[in-house]
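Have a look at this one.
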Amino acid sequence: MGITLLSAEKIIQAAKEKCGEMNVKMNIAVVDAGANLVAFVRMDGAWLGSADIAVKKAKTARYFDFPTGEIGKLSQPGGSLFGIEHSNGGLISFPGGIPLKDGSGNVVGAIGVSGSTVEDDHAVAEAGVAALN
Amino acid sequence: MGITLLSAEKIIQAAKEKCGEMNVKMNIAVVDAGANLVAFVRMDGAWLGSADIAVKKAKTARYFDFPTGEIGKLSQPGGSLFGIEHSNGGLISFPGGIPLKDGSGNVVGAIGVSGSTVEDDHAVAEAGVAALN
Amino acid sequence: MGITLLSAEKIIQAAKEKCGEMNVKMNIAVVDAGANLVAFVRMDGAWLGSADIAVKKAKTARYFDFPTGEIGKLSQPGGSLFGIEHSNGGLISFPGGIPLKDGSGNVVGAIGVSGSTVEDDHAVAEAGVAALN
Amino acid sequence: MGITLLSAEKIIQAAKEKCGEMNVKMNIAVVDAGANLVAFVRMDGAWLGSADIAVKKAKTARYFDFPTGEIGKLSQPGGSLFGIEHSNGGLISFPGGIPLKDGSGNVVGAIGVSGSTVEDDHAVAEAGVAALN
């Protein structure tokens, strides 16, 4: 199913270290190729409501194999995917979710990060992605 | 209830052939006159998140007897149906869902397609509709 | 993700043929290794309410890698798993769902069948399983 | 809110080591005093459907400050809490969830474990509890 727990833990560790550098507190989720949760952490003091958002960002990124922010560009009023967030039990379409790919470019899961500005969320998610390979 | 399984399978087969011509991978759903699922397929490699969207597009098209994209024109901010997506357990109001009609013009079900651009989704749905008659 | 659409269609075709022999009308669902829906059919005249049950049986069988009826033996009042059906958005724990395994014994998905007695449902599911290998 | 992420990680680590000794594969969740998720892991090969059950066990244990199995004794047919599983978005009332207490006996969170027999689940949860103090 793509991502092992060991990989997910390595990804989360890297994301947490990035949070330390940036002085932010995040919720971090990793899902596998089937969009099922593998690992999750909420850092002390991170927003409670961001736990569900982190999980939904990870799922959304795997559901469509795109960074969540790319979906959000198309789901605005007047956009071609307006309202897509109503599917799949609720999607999150702003930045912070990124697909995880293996060395051959196959999507093997996704990371979702929530707890600060969406720019910060995305930067932390990128640090997690970088730890996979 | 209108659409037989045999008809639904014919519709899905035509939609899949269209996907082959267009080189796209889709989730395809057919519902009957009662908006209940008759048949569904997810093509290998199609987006996981598009399964729910395909089903919701088919249901939405039958719930209101309009192509889903027509509903989306009215559900934008300021529009007369703004927020309609919150009903019925979640609607999808962008293109890809089309009602199915019998020879007399009666709605007997609907097809929903998701997996590419909304233009592609709609084109594949039209190929399915064409196979009914 | 285990099951291809071609395999799922072969499984469903075999299940439908078994239904013909048994003179029953079923809802038949196939999920992949991630418990995500790959294909579904509702035979003409089959119970509407069995569509959701067929999908839930397939998911339940993959969630725990057991035939659904085995879970039901443990989820009765006084049993060790009493009330497990409240998890995962609703499980179905009576017979009709069976894991699908590849030649090496790895679970690659599951089939769920609903529309008659649970004995009939299970028999049709077994016919689907037999078609995989 | 009681449990820090560091404590939760220590608890999960101890639970994972217990799994190694017992040769079982578990889903393990830790919630804080507010019954909100702090950390979660799914071990490689653990049942997919046990992820939701582990989280629900942890929440159930904190919601009522009892081991989940104690609640199950009262929720059987004819029991005083029959049907309590329908509340709170779904409870799990068989063993595997245990409240976490600080040195003064105050409940500061809970652990939920799912992936084997309920006796095994409970044993692994106890190993997690033991790691807190």
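The letters A, B, C and D name the chains in turn, as written, and every chain counts its residues from 1.
Going forward, a residue touches a chain if its C-beta (ideal position, glycine included) is under 8 Å from a C-beta of that chain, and two chains touch if they have at least 3 such contacts.
Note that the coordinates shown come from a computational prediction; the quantities given were computed from them, not determined experimentally.
Chemist: Take the average of all CA coordinates in subunit A, do the same for subunit B, and state the distance between these two points in whole angstrom.
Modeler: Taking the mean C-alpha position of each chain, the two centres sit 29 Å apart.
Chemist: Between subunit A and subunit C, tell me the centre distance in angstrom, where each centre is the average of that chain's C-alpha atoms.
Modeler: So the centroids are 31 Å from each other.
Chemist: In angstrom, rounded to a whole number, how far apart do the mean CA points of subunit B and subunit D lie?
Modeler: Each chain's C-alpha centroid was found; their separation is 42 Å.
Chemist: In subunit B, what residues contact two or more other chains?
Modeler: 48
Chemist: Chain adjacency by touch: line, ring, star, complete or other shape?
Modeler: Contact map by chain: other.
Chemist: Write out all the pairs of touching chains, ordered by chain label.
Modeler: Final set of chain pairs in contact is A-B, A-C, A-D, B-C, C-D.
Chemist: Across the complex, what residues on subunit A touch subunit D?
Modeler: That would be residues 4-6, 8-9, 34, 36-44, 48, 51 of subunit A.
Chemist: Okay, in this complex, where on subunit C does subunit D touch?
Modeler: For this pair, the touching residues of subunit C are 34-35, 59-60, 62-65, 77-78, 80-84, 86-89, 91.
Chemist: Mind pulling up the subunit A residues that touch subunit C in the complex?
Modeler: 1, 32-36
Chemist: Going by the contact rule set out above, which residues of subunit D touch subunit C in the complex?
Modeler: Contact set of subunit D toward subunit C: 47-50, 52-53, 56, 72, 75-77, 85-86, 90-95, 117-118.
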